[in-house]
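Given below, in the form of C-alpha coordinates, are the structures.
Next come two complexes built around chain A: one with chain B, the other with chain C.
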Partner chain A sequence: MEITVKAEEAFHVFHLKGRLDLTSSSELKEKVKEHLEQGKVNILLNMAQVDFINSSGLGTLVSTLKEVRTANGRIALCSLAPYVQEIFEITQLSHIFDIFPGEKEAFAAFGQKKAAHTS
Partner chain B sequence: MKDTSNERISISIPNRMESIKWLYPVCESILEELPISDKERHMILVAISEGFTNAFQHGNQKDPQTEIKLTFYPGEKSLKILIEDEGILPIDMNINNVPDHVDLEGISGRGLLLMRELVDEAYYDINSKGFNILTLITNFEKKYKKVYSF
Partner chain C sequence: MSENKSYRLEIPSSQNHLAEADRFLEGHLKQHGIDQDSIADLAISATELINNAIIHGNKSNPDKIVTIELEFTDKHLSISITDQGPGFKPEDIPSPISDENILKEAGRGIFIVRSLVDDLQVEEPPEGGTRMIIIKKLAS
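Up next is the complex of A and B:
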(Lines of atoms letter the chains of each structure in order from A and count residues from 1; the text may use other names and numbers.)
(Lines give C-alpha, C1' and ligand atoms only; values in the text may rest on other atoms or scores of the structure.)
Protein backbone atom coordinates (compact mmCIF):
# COMPACT_ATOMS: atom_id res chain seq x y z
CA MET A 1 0.00 0.00 0.00
CA GLU A 2 1.19 3.49 -0.81
CA ILE A 3 0.47 6.23 1.69
CA THR A 4 1.10 9.90 1.04
CA VAL A 5 0.16 12.59 3.53
CA LYS A 6 -0.67 16.24 2.88
CA ALA A 7 -1.64 18.95 5.35
CA GLU A 8 -4.91 20.47 4.16
CA GLU A 9 -7.09 22.87 6.13
CA ALA A 10 -7.81 21.34 9.54
CA PHE A 11 -6.72 17.85 8.52
CA HIS A 12 -3.75 15.79 7.60
CA VAL A 13 -5.05 13.96 4.59
CA PHE A 14 -3.77 10.42 4.11
CA HIS A 15 -4.06 9.32 0.49
CA LEU A 16 -4.16 5.53 0.52
CA LYS A 17 -3.50 3.49 -2.59
CA GLY A 18 -3.84 -0.27 -3.03
CA ARG A 19 -5.28 -3.03 -0.89
CA LEU A 20 -6.03 -2.58 2.79
CA ASP A 21 -5.57 -6.05 4.24
CA LEU A 22 -3.40 -8.01 6.62
CA THR A 23 -0.18 -7.18 4.76
CA SER A 24 -0.72 -3.42 4.59
CA SER A 25 -2.37 -2.75 7.93
CA SER A 26 0.80 -2.26 9.96
CA GLU A 27 2.03 0.38 7.52
CA LEU A 28 -1.06 2.51 8.05
CA LYS A 29 -0.96 2.01 11.83
CA GLU A 30 2.67 3.19 11.95
CA LYS A 31 2.00 6.25 9.83
CA VAL A 32 -0.97 7.29 11.97
CA LYS A 33 1.00 6.68 15.16
CA GLU A 34 3.82 8.95 13.91
CA HIS A 35 1.34 11.75 13.26
CA LEU A 36 -0.43 11.40 16.58
CA GLU A 37 2.91 11.54 18.41
CA GLN A 38 3.61 14.84 16.65
CA GLY A 39 0.27 16.23 17.78
CA LYS A 40 -1.29 15.97 14.31
CA VAL A 41 -4.52 14.48 15.53
CA ASN A 42 -7.08 15.40 12.86
CA ILE A 43 -6.90 12.83 10.11
CA LEU A 44 -8.82 12.38 6.90
CA LEU A 45 -8.31 9.09 5.09
CA ASN A 46 -8.88 9.57 1.39
CA MET A 47 -9.67 6.07 0.13
CA ALA A 48 -10.35 6.87 -3.52
CA GLN A 49 -7.56 4.53 -4.59
CA VAL A 50 -8.24 1.72 -2.14
CA ASP A 51 -9.65 -0.93 -4.42
CA PHE A 52 -9.94 -3.71 -1.84
CA ILE A 53 -10.57 -3.99 1.87
CA ASN A 54 -11.20 -6.98 4.09
CA SER A 55 -11.75 -7.54 7.81
CA SER A 56 -8.06 -7.05 8.59
CA GLY A 57 -8.17 -3.63 6.95
CA LEU A 58 -11.42 -2.78 8.72
CA GLY A 59 -9.89 -3.81 12.04
CA THR A 60 -6.99 -1.45 11.39
CA LEU A 61 -9.36 1.42 10.69
CA VAL A 62 -11.30 0.76 13.91
CA SER A 63 -8.05 0.59 15.85
CA THR A 64 -6.99 3.89 14.24
CA LEU A 65 -10.34 5.46 15.13
CA LYS A 66 -9.81 4.55 18.79
CA GLU A 67 -6.26 5.88 18.85
CA VAL A 68 -7.30 9.17 17.31
CA ARG A 69 -10.14 9.52 19.82
CA THR A 70 -7.72 8.81 22.68
CA ALA A 71 -5.54 11.62 21.35
CA ASN A 72 -8.61 13.90 21.34
CA GLY A 73 -8.48 14.13 17.58
CA ARG A 74 -10.93 13.56 14.78
CA ILE A 75 -10.88 11.04 11.98
CA ALA A 76 -13.00 10.82 8.85
CA LEU A 77 -13.01 8.82 5.64
CA CYS A 78 -13.80 10.04 2.16
CA SER A 79 -14.10 8.98 -1.47
CA LEU A 80 -14.78 5.29 -0.87
CA ALA A 81 -15.03 3.13 -3.98
CA PRO A 82 -18.50 1.51 -4.32
CA TYR A 83 -17.38 -2.03 -3.43
CA VAL A 84 -15.41 -0.77 -0.46
CA GLN A 85 -18.41 1.27 0.66
CA GLU A 86 -20.51 -1.89 0.46
CA ILE A 87 -18.15 -3.75 2.80
CA PHE A 88 -18.64 -0.90 5.27
CA GLU A 89 -22.41 -1.29 4.95
CA ILE A 90 -22.35 -5.05 5.47
CA THR A 91 -20.22 -4.75 8.59
CA GLN A 92 -22.20 -1.68 9.71
CA LEU A 93 -18.99 0.29 10.17
CA SER A 94 -20.63 3.10 8.27
CA HIS A 95 -22.41 3.77 11.59
CA ILE A 96 -19.26 4.58 13.53
CA PHE A 97 -17.16 6.38 10.92
CA ASP A 98 -17.79 9.81 9.48
CA ILE A 99 -17.76 9.06 5.76
CA PHE A 100 -17.91 11.80 3.13
CA PRO A 101 -18.20 11.72 -0.66
CA GLY A 102 -15.02 13.79 -1.06
CA GLU A 103 -12.42 15.90 0.73
CA LYS A 104 -14.34 19.10 0.18
CA GLU A 105 -17.40 17.76 2.00
CA ALA A 106 -15.25 16.49 4.87
CA PHE A 107 -13.53 19.86 5.27
CA ALA A 108 -16.88 21.62 5.21
CA ALA A 109 -18.47 19.30 7.77
CA PHE A 110 -15.56 19.45 10.16
CA GLY A 111 -15.16 23.17 9.69
CA GLN A 112 -18.75 23.58 10.78
CA LYS A 113 -18.28 21.31 13.79
CA LYS A 114 -15.14 23.20 14.77
CA ALA A 115 -16.97 26.52 14.51
CA ALA A 116 -19.84 25.14 16.58
CA HIS A 117 -17.41 23.97 19.26
CA THR A 118 -15.63 27.31 19.48
CA SER A 119 -18.72 29.54 19.43
CA MET B 1 -26.84 -27.43 -5.71
CA LYS B 2 -24.94 -30.23 -7.46
CA ASP B 3 -22.90 -29.00 -10.38
CA THR B 4 -21.66 -31.35 -13.07
CA SER B 5 -18.19 -30.05 -13.92
CA ASN B 6 -15.18 -32.14 -12.97
CA GLU B 7 -12.71 -29.35 -13.65
CA ARG B 8 -10.46 -28.52 -10.72
CA ILE B 9 -7.67 -26.00 -10.16
CA SER B 10 -5.46 -26.37 -7.10
CA ILE B 11 -2.70 -24.18 -5.74
CA SER B 12 -0.64 -24.35 -2.58
CA ILE B 13 0.73 -21.18 -1.05
CA PRO B 14 3.41 -21.10 1.67
CA ASN B 15 2.05 -19.83 4.99
CA ARG B 16 4.08 -16.63 4.97
CA MET B 17 2.96 -13.02 5.11
CA GLU B 18 4.84 -12.15 1.94
CA SER B 19 3.16 -15.00 0.07
CA ILE B 20 -0.26 -13.42 0.44
CA LYS B 21 0.61 -11.23 -2.55
CA TRP B 22 0.26 -14.32 -4.76
CA LEU B 23 -3.27 -14.95 -3.60
CA TYR B 24 -4.91 -12.06 -5.42
CA PRO B 25 -3.55 -12.40 -8.97
CA VAL B 26 -4.07 -16.16 -8.98
CA CYS B 27 -7.65 -15.91 -7.73
CA GLU B 28 -8.44 -12.97 -10.00
CA SER B 29 -7.27 -14.85 -13.07
CA ILE B 30 -9.53 -17.78 -12.22
CA LEU B 31 -12.53 -15.62 -11.34
CA GLU B 32 -12.18 -13.64 -14.57
CA GLU B 33 -13.09 -16.75 -16.54
CA LEU B 34 -16.44 -17.16 -14.78
CA PRO B 35 -19.83 -15.73 -15.84
CA ILE B 36 -20.13 -13.36 -12.92
CA SER B 37 -20.25 -9.60 -12.56
CA ASP B 38 -17.33 -7.44 -11.45
CA LYS B 39 -19.10 -6.92 -8.16
CA GLU B 40 -19.54 -10.67 -7.52
CA ARG B 41 -15.92 -11.25 -8.50
CA HIS B 42 -14.84 -8.63 -6.01
CA MET B 43 -17.01 -10.00 -3.21
CA ILE B 44 -15.85 -13.59 -3.78
CA LEU B 45 -12.26 -12.35 -3.62
CA VAL B 46 -12.99 -10.71 -0.27
CA ALA B 47 -14.50 -13.99 1.01
CA ILE B 48 -11.42 -15.92 -0.19
CA SER B 49 -9.11 -13.43 1.50
CA GLU B 50 -11.03 -13.89 4.76
CA GLY B 51 -10.70 -17.67 4.56
CA PHE B 52 -7.03 -17.36 3.64
CA THR B 53 -6.35 -14.95 6.52
CA ASN B 54 -8.03 -17.32 8.99
CA ALA B 55 -5.96 -20.20 7.64
CA PHE B 56 -2.76 -18.15 7.91
CA GLN B 57 -3.36 -16.73 11.38
CA HIS B 58 -5.59 -19.18 13.22
CA GLY B 59 -5.28 -22.51 11.42
CA ASN B 60 -1.57 -22.51 10.64
CA GLN B 61 -0.78 -20.10 13.49
CA LYS B 62 1.57 -18.12 11.18
CA ASP B 63 3.89 -21.16 10.99
CA PRO B 64 6.04 -20.64 7.84
CA GLN B 65 6.63 -24.38 7.55
CA THR B 66 2.98 -24.97 6.70
CA GLU B 67 0.96 -24.37 3.55
CA ILE B 68 -2.49 -23.26 2.55
CA LYS B 69 -4.13 -25.16 -0.27
CA LEU B 70 -6.85 -23.61 -2.40
CA THR B 71 -8.94 -25.71 -4.76
CA PHE B 72 -11.39 -24.17 -7.22
CA TYR B 73 -14.22 -26.19 -8.77
CA PRO B 74 -15.72 -23.96 -11.46
CA GLY B 75 -19.03 -25.44 -12.58
CA GLU B 76 -21.64 -24.26 -15.03
CA LYS B 77 -23.89 -22.86 -12.36
CA SER B 78 -21.67 -22.37 -9.40
CA LEU B 79 -18.15 -22.05 -8.08
CA LYS B 80 -16.94 -24.09 -5.13
CA ILE B 81 -13.71 -23.12 -3.39
CA LEU B 82 -11.95 -25.17 -0.73
CA ILE B 83 -9.34 -23.59 1.54
CA GLU B 84 -7.34 -26.07 3.59
CA ASP B 85 -4.71 -25.43 6.23
CA GLU B 86 -2.74 -27.63 8.60
CA GLY B 87 -4.34 -26.75 11.90
CA ILE B 88 -7.50 -26.81 13.93
CA LEU B 89 -9.50 -23.63 14.38
CA PRO B 90 -10.81 -22.53 17.77
CA ILE B 91 -14.23 -24.08 18.38
CA ASP B 92 -15.96 -20.69 18.45
CA MET B 93 -15.01 -20.01 14.83
CA ASN B 94 -18.29 -21.30 13.50
CA ILE B 95 -19.70 -19.28 10.64
CA ASN B 96 -23.25 -20.30 11.52
CA ASN B 97 -22.94 -18.83 14.99
CA VAL B 98 -21.88 -15.37 13.86
CA PRO B 99 -24.41 -12.84 15.14
CA ASP B 100 -25.85 -10.32 12.70
CA HIS B 101 -24.61 -7.49 14.85
CA VAL B 102 -20.93 -7.76 15.70
CA ASP B 103 -19.27 -5.44 18.17
CA LEU B 104 -18.97 -2.33 16.02
CA GLU B 105 -15.87 -1.09 17.79
CA GLY B 106 -14.19 -4.47 18.08
CA ILE B 107 -10.86 -4.80 16.28
CA SER B 108 -11.65 -8.31 14.99
CA GLY B 109 -14.64 -10.58 14.41
CA ARG B 110 -15.78 -9.42 10.98
CA GLY B 111 -14.15 -12.07 8.80
CA LEU B 112 -16.70 -14.81 9.44
CA LEU B 113 -19.54 -12.32 9.00
CA LEU B 114 -18.18 -11.22 5.63
CA MET B 115 -17.77 -14.80 4.41
CA ARG B 116 -21.32 -15.60 5.44
CA GLU B 117 -22.70 -12.54 3.68
CA LEU B 118 -20.63 -12.54 0.51
CA VAL B 119 -21.10 -16.11 -0.73
CA ASP B 120 -24.11 -18.45 -0.77
CA GLU B 121 -22.59 -21.10 1.45
CA ALA B 122 -19.62 -20.93 3.80
CA TYR B 123 -18.73 -23.55 6.36
CA TYR B 124 -15.76 -25.11 8.12
CA ASP B 125 -15.22 -28.84 8.37
CA ILE B 126 -12.39 -31.26 9.04
CA ASN B 127 -10.56 -32.81 6.06
CA SER B 128 -9.27 -36.39 5.76
CA LYS B 129 -6.06 -35.39 7.56
CA GLY B 130 -7.99 -33.98 10.52
CA PHE B 131 -7.30 -30.36 9.63
CA ASN B 132 -9.48 -27.39 8.73
CA ILE B 133 -11.23 -27.21 5.42
CA LEU B 134 -13.32 -24.20 4.51
CA THR B 135 -15.92 -24.51 1.75
CA LEU B 136 -17.17 -21.42 -0.06
CA ILE B 137 -19.89 -21.79 -2.69
CA THR B 138 -21.23 -19.09 -4.98
CA ASN B 139 -24.18 -19.70 -7.28
CA PHE B 140 -23.79 -17.65 -10.44
CA GLU B 141 -27.42 -16.59 -10.60
CA LYS B 142 -27.73 -15.83 -6.94
CA LYS B 143 -28.86 -12.57 -5.57
CA TYR B 144 -27.23 -11.10 -2.53
CA LYS B 145 -28.91 -12.18 0.67
CA LYS B 146 -29.43 -8.61 1.70
CA VAL B 147 -29.75 -5.47 -0.30
CA TYR B 148 -27.16 -2.92 0.69
CA SER B 149 -27.60 0.61 -0.44
CA PHE B 150 -24.67 2.91 -1.04
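Up next is the complex of A and C:
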Protein backbone atom coordinates (compact mmCIF):
# COMPACT_ATOMS: atom_id res chain seq x y z
CA MET A 1 0.00 0.00 0.00
CA GLU A 2 1.21 3.51 -0.80
CA ILE A 3 0.41 6.22 1.74
CA THR A 4 1.03 9.88 1.05
CA VAL A 5 0.09 12.55 3.57
CA LYS A 6 -0.86 16.13 2.79
CA ALA A 7 -1.18 18.69 5.57
CA GLU A 8 -4.28 20.85 5.36
CA GLU A 9 -5.50 23.50 7.77
CA ALA A 10 -8.13 21.37 9.43
CA PHE A 11 -6.44 17.99 9.29
CA HIS A 12 -3.91 15.75 7.66
CA VAL A 13 -5.15 13.94 4.58
CA PHE A 14 -3.84 10.41 4.11
CA HIS A 15 -4.11 9.28 0.49
CA LEU A 16 -4.20 5.49 0.51
CA LYS A 17 -3.48 3.48 -2.62
CA GLY A 18 -3.82 -0.29 -3.07
CA ARG A 19 -5.14 -3.09 -0.87
CA LEU A 20 -6.07 -2.52 2.76
CA ASP A 21 -5.57 -5.96 4.26
CA LEU A 22 -3.48 -7.72 6.88
CA THR A 23 -0.23 -7.11 5.00
CA SER A 24 -0.69 -3.38 4.53
CA SER A 25 -2.35 -2.68 7.88
CA SER A 26 0.87 -2.22 9.83
CA GLU A 27 2.04 0.54 7.46
CA LEU A 28 -1.12 2.54 8.08
CA LYS A 29 -1.04 1.96 11.84
CA GLU A 30 2.61 3.11 11.97
CA LYS A 31 1.95 6.24 9.94
CA VAL A 32 -1.05 7.22 12.06
CA LYS A 33 0.91 6.58 15.26
CA GLU A 34 3.72 8.91 14.05
CA HIS A 35 1.19 11.68 13.44
CA LEU A 36 -0.59 11.25 16.76
CA GLU A 37 2.75 11.39 18.60
CA GLN A 38 3.42 14.72 16.89
CA GLY A 39 0.05 16.07 18.00
CA LYS A 40 -1.45 15.83 14.50
CA VAL A 41 -4.68 14.27 15.70
CA ASN A 42 -7.21 15.18 13.01
CA ILE A 43 -6.99 12.73 10.15
CA LEU A 44 -8.89 12.28 6.91
CA LEU A 45 -8.36 9.01 5.05
CA ASN A 46 -8.93 9.49 1.33
CA MET A 47 -9.77 5.98 0.12
CA ALA A 48 -10.36 6.79 -3.57
CA GLN A 49 -7.57 4.46 -4.64
CA VAL A 50 -8.25 1.63 -2.20
CA ASP A 51 -9.41 -1.16 -4.49
CA PHE A 52 -9.67 -3.94 -1.90
CA ILE A 53 -10.54 -4.09 1.77
CA ASN A 54 -11.22 -7.10 3.96
CA SER A 55 -11.98 -7.76 7.62
CA SER A 56 -8.32 -7.25 8.55
CA GLY A 57 -8.33 -3.84 6.88
CA LEU A 58 -11.58 -2.95 8.65
CA GLY A 59 -10.02 -4.04 11.94
CA THR A 60 -7.12 -1.68 11.33
CA LEU A 61 -9.48 1.21 10.65
CA VAL A 62 -11.42 0.48 13.85
CA SER A 63 -8.13 0.35 15.78
CA THR A 64 -7.11 3.67 14.19
CA LEU A 65 -10.46 5.22 15.07
CA LYS A 66 -10.01 4.28 18.73
CA GLU A 67 -6.43 5.59 18.84
CA VAL A 68 -7.43 8.90 17.30
CA ARG A 69 -10.33 9.26 19.74
CA THR A 70 -8.01 8.46 22.67
CA ALA A 71 -5.76 11.28 21.43
CA ASN A 72 -8.81 13.57 21.44
CA GLY A 73 -8.61 13.82 17.68
CA ARG A 74 -11.04 13.25 14.88
CA ILE A 75 -10.96 10.83 11.98
CA ALA A 76 -13.05 10.70 8.84
CA LEU A 77 -13.06 8.78 5.57
CA CYS A 78 -13.84 10.03 2.09
CA SER A 79 -14.12 8.97 -1.55
CA LEU A 80 -14.89 5.29 -0.96
CA ALA A 81 -15.18 3.12 -4.05
CA PRO A 82 -18.63 1.47 -4.35
CA TYR A 83 -17.25 -1.94 -3.35
CA VAL A 84 -15.53 -0.54 -0.25
CA GLN A 85 -18.67 1.42 0.66
CA GLU A 86 -20.66 -1.83 0.39
CA ILE A 87 -18.34 -3.57 2.86
CA PHE A 88 -18.76 -0.65 5.30
CA GLU A 89 -22.53 -0.92 4.97
CA ILE A 90 -22.59 -4.73 5.40
CA THR A 91 -20.58 -4.46 8.61
CA GLN A 92 -22.48 -1.34 9.71
CA LEU A 93 -19.21 0.50 10.22
CA SER A 94 -20.80 3.14 8.01
CA HIS A 95 -22.68 4.17 11.20
CA ILE A 96 -19.47 4.40 13.22
CA PHE A 97 -17.19 6.35 10.88
CA ASP A 98 -17.79 9.80 9.47
CA ILE A 99 -17.80 9.07 5.73
CA PHE A 100 -17.93 11.83 3.11
CA PRO A 101 -18.27 11.72 -0.69
CA GLY A 102 -15.07 13.75 -1.14
CA GLU A 103 -12.46 15.90 0.58
CA LYS A 104 -14.48 19.07 0.00
CA GLU A 105 -17.42 17.73 1.99
CA ALA A 106 -15.10 16.49 4.74
CA PHE A 107 -13.44 19.90 4.95
CA ALA A 108 -16.84 21.52 5.31
CA ALA A 109 -17.82 19.13 8.09
CA PHE A 110 -14.53 19.66 9.89
CA GLY A 111 -15.57 23.23 10.54
CA GLN A 112 -14.50 25.24 7.52
CA LYS A 113 -11.24 25.99 9.28
CA LYS A 114 -9.50 26.71 6.02
CA ALA A 115 -12.18 29.18 4.94
CA ALA A 116 -12.16 30.85 8.36
CA HIS A 117 -8.38 31.20 8.21
CA THR A 118 -8.39 32.89 4.84
CA SER A 119 -11.32 35.24 5.48
CA MET B 1 -26.11 -31.45 -19.47
CA SER B 2 -22.49 -30.33 -19.21
CA GLU B 3 -19.91 -32.16 -17.14
CA ASN B 4 -18.93 -30.92 -13.70
CA LYS B 5 -15.49 -29.35 -13.51
CA SER B 6 -13.36 -29.22 -10.42
CA TYR B 7 -9.99 -27.71 -9.51
CA ARG B 8 -7.82 -28.05 -6.42
CA LEU B 9 -4.95 -26.11 -4.85
CA GLU B 10 -3.04 -26.79 -1.64
CA ILE B 11 -1.10 -24.00 0.07
CA PRO B 12 1.06 -23.95 3.21
CA SER B 13 -0.38 -21.97 6.13
CA SER B 14 1.32 -18.67 5.35
CA GLN B 15 -0.01 -15.30 4.23
CA ASN B 16 2.69 -15.40 1.54
CA HIS B 17 0.53 -17.84 -0.41
CA LEU B 18 -2.65 -15.73 -0.45
CA ALA B 19 -1.78 -14.17 -3.81
CA GLU B 20 -1.33 -17.66 -5.31
CA ALA B 21 -4.78 -18.67 -4.04
CA ASP B 22 -6.24 -15.44 -5.45
CA ARG B 23 -4.74 -16.10 -8.88
CA PHE B 24 -5.98 -19.70 -8.83
CA LEU B 25 -9.56 -18.69 -8.04
CA GLU B 26 -9.77 -15.63 -10.26
CA GLY B 27 -8.24 -17.48 -13.18
CA HIS B 28 -10.76 -20.31 -13.10
CA LEU B 29 -13.72 -18.03 -12.36
CA LYS B 30 -12.85 -15.87 -15.37
CA GLN B 31 -12.30 -18.92 -17.53
CA HIS B 32 -15.84 -20.09 -16.69
CA GLY B 33 -17.34 -16.73 -17.64
CA ILE B 34 -18.29 -15.54 -14.14
CA ASP B 35 -19.07 -11.81 -14.17
CA GLN B 36 -16.64 -9.34 -12.62
CA ASP B 37 -18.89 -8.30 -9.70
CA SER B 38 -19.40 -11.93 -8.68
CA ILE B 39 -15.67 -12.60 -8.98
CA ALA B 40 -15.02 -9.65 -6.63
CA ASP B 41 -17.53 -10.98 -4.06
CA LEU B 42 -16.20 -14.53 -4.31
CA ALA B 43 -12.57 -13.37 -4.12
CA ILE B 44 -13.07 -11.37 -0.91
CA SER B 45 -15.14 -14.20 0.59
CA ALA B 46 -12.56 -16.84 -0.24
CA THR B 47 -9.74 -14.62 1.06
CA GLU B 48 -11.56 -14.18 4.38
CA LEU B 49 -11.98 -17.93 4.78
CA ILE B 50 -8.44 -18.75 3.67
CA ASN B 51 -7.13 -16.20 6.21
CA ASN B 52 -9.26 -17.82 8.91
CA ALA B 53 -8.02 -21.27 7.89
CA ILE B 54 -4.38 -20.13 8.07
CA ILE B 55 -4.60 -18.06 11.27
CA HIS B 56 -7.36 -19.63 13.39
CA GLY B 57 -7.51 -23.14 11.95
CA ASN B 58 -3.89 -24.04 11.29
CA LYS B 59 -2.43 -21.44 13.73
CA SER B 60 -0.05 -20.29 10.94
CA ASN B 61 1.83 -23.60 11.17
CA PRO B 62 3.52 -23.87 7.74
CA ASP B 63 3.57 -27.67 8.05
CA LYS B 64 -0.23 -27.65 7.88
CA ILE B 65 -1.94 -27.05 4.58
CA VAL B 66 -5.06 -25.26 3.45
CA THR B 67 -6.90 -26.98 0.60
CA ILE B 68 -8.91 -24.89 -1.81
CA GLU B 69 -11.34 -26.65 -4.15
CA LEU B 70 -13.47 -25.08 -6.80
CA GLU B 71 -16.32 -26.95 -8.45
CA PHE B 72 -18.65 -25.89 -11.23
CA THR B 73 -21.95 -27.66 -11.90
CA ASP B 74 -24.85 -26.65 -14.13
CA LYS B 75 -26.60 -24.85 -11.29
CA HIS B 76 -23.95 -23.52 -8.99
CA LEU B 77 -20.28 -23.14 -8.21
CA SER B 78 -18.74 -23.97 -4.88
CA ILE B 79 -15.46 -22.96 -3.28
CA SER B 80 -14.34 -25.19 -0.40
CA ILE B 81 -11.61 -24.17 2.01
CA THR B 82 -10.39 -26.91 4.33
CA ASP B 83 -7.92 -26.51 7.19
CA GLN B 84 -6.28 -29.02 9.52
CA GLY B 85 -7.25 -27.27 12.75
CA PRO B 86 -9.32 -28.32 15.75
CA GLY B 87 -12.63 -27.19 14.24
CA PHE B 88 -15.06 -24.51 15.38
CA LYS B 89 -18.75 -23.76 15.54
CA PRO B 90 -19.77 -20.70 13.48
CA GLU B 91 -22.74 -20.16 15.79
CA ASP B 92 -20.26 -19.44 18.61
CA ILE B 93 -19.00 -16.35 16.76
CA PRO B 94 -20.70 -13.27 18.22
CA SER B 95 -22.46 -10.85 15.90
CA PRO B 96 -19.96 -8.15 14.83
CA ILE B 97 -22.74 -5.60 14.38
CA SER B 98 -24.10 -5.71 17.93
CA ASP B 99 -23.41 -2.64 20.08
CA GLU B 100 -20.91 -4.48 22.28
CA ASN B 101 -18.92 -5.81 19.29
CA ILE B 102 -19.09 -3.07 16.67
CA LEU B 103 -15.80 -1.51 17.86
CA LYS B 104 -13.93 -4.81 18.08
CA GLU B 105 -11.02 -5.12 15.69
CA ALA B 106 -11.70 -8.72 14.65
CA GLY B 107 -14.63 -11.05 14.05
CA ARG B 108 -16.17 -9.66 10.83
CA GLY B 109 -14.84 -12.17 8.29
CA ILE B 110 -17.58 -14.79 8.29
CA PHE B 111 -20.27 -12.14 8.64
CA ILE B 112 -18.97 -10.45 5.46
CA VAL B 113 -18.86 -13.78 3.62
CA ARG B 114 -22.46 -14.65 4.56
CA SER B 115 -23.56 -11.27 3.22
CA LEU B 116 -21.82 -11.68 -0.14
CA VAL B 117 -22.60 -15.27 -1.17
CA ASP B 118 -25.76 -17.34 -1.65
CA ASP B 119 -24.90 -19.87 1.04
CA LEU B 120 -22.06 -20.75 3.39
CA GLN B 121 -21.88 -24.30 4.72
CA VAL B 122 -19.59 -25.70 7.38
CA GLU B 123 -18.51 -29.35 7.46
CA GLU B 124 -16.28 -31.38 9.72
CA PRO B 125 -14.42 -33.77 7.42
CA PRO B 126 -13.81 -37.28 8.84
CA GLU B 127 -10.05 -36.71 8.63
CA GLY B 128 -10.37 -33.64 10.91
CA GLY B 129 -10.24 -29.88 10.44
CA THR B 130 -12.97 -27.62 9.15
CA ARG B 131 -14.33 -27.27 5.63
CA MET B 132 -16.11 -24.02 4.77
CA ILE B 133 -18.08 -24.14 1.52
CA ILE B 134 -19.16 -21.06 -0.38
CA ILE B 135 -22.09 -21.63 -2.73
CA LYS B 136 -22.86 -19.30 -5.60
CA LYS B 137 -25.90 -20.00 -7.76
CA LEU B 138 -25.36 -19.75 -11.50
CA ALA B 139 -27.96 -18.31 -13.85
CA SER B 140 -29.48 -21.17 -15.85
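The rule we apply is simple: the second predicted complex is superposed on the first by the 111 of 119 C-alpha atoms of A that agree within 3 Å, B and C clash if a C-alpha of one lies under 4 Å from a C-alpha of the other, contacts with A are read in each partner's own complex, and residues count from 1 in each chain.
One rule holds for everything that comes next: contacts are C-beta pairs under 8 Å (C-beta built on N, C-alpha and C of every residue); 3 or more make two chains touch, one makes a residue touch a chain.
Just so we're clear, the structure is a prediction, and the values are computed from it rather than from any experiment.
Chemist: After aligning the two structures on chain A, examine chain B and chain C and state clash or fit.
Modeler: After superposition on chain A, chain B vs chain C: clash.
Chemist: Touching A:Q85, do we find chain B (first), chain C (second), both, or neither?
Modeler: First partner only, chain B.
Chemist: On the A-aligned overlay, A:E8 touches which partner chain: chain B = first, chain C = second, or both, or neither?
Modeler: Touch partners of A:E8: none, neither chain B nor chain C.
Chemist: Would you check which partner chain A:I96 touches, where first means chain B only, second means chain C only, and both and neither mean what they say?
Modeler: In the superposition, A:I96 touches chain B and chain C alike.
Chemist: For A:E34, using the defined touch cut-off, is the partner it touches chain B, chain C, both, or neither? Pick first, second, both or neither.
Modeler: Neither: A:E34 stays clear of chain B and chain C.
Chemist: Where on chain A do the contacts from chain B and from chain C line up?
Modeler: Comparing the two interfaces on chain A, one with chain B and one with chain C, the shared residues are 21-23, 52, 54-56, 58-59, 62-63, 65-66, 83, 87, 90-93, 95-96.
Chemist: Which of the residues in chain B come into contact with chain A in the complex?
Modeler: Residues 17-18, 20-21, 24, 39, 42-43, 45-46, 49-50, 53, 56-57, 101-102, 104-111, 113-114, 117-118, 146, 148-150.
Chemist: In the complex formed with chain A, which residues of chain C make contact?
Modeler: Per the touch definition, chain C meets chain A at residues 15, 40, 44, 47-48, 51, 96-97, 102-109, 111-112, 115-116.
Chemist: Note which residues of chain A are touching chain B in the complex, please.
Modeler: Within the complex, chain A contacts chain B at residues 19, 21-23, 52-56, 58-59, 62-63, 65-66, 82-83, 85-87, 89-93, 95-96.
Chemist: Could you pull out which chain A residues touch chain C in their complex?
Modeler: 21-23, 52, 54-56, 58-60, 62-63, 65-66, 83, 87, 90-93, 95-96
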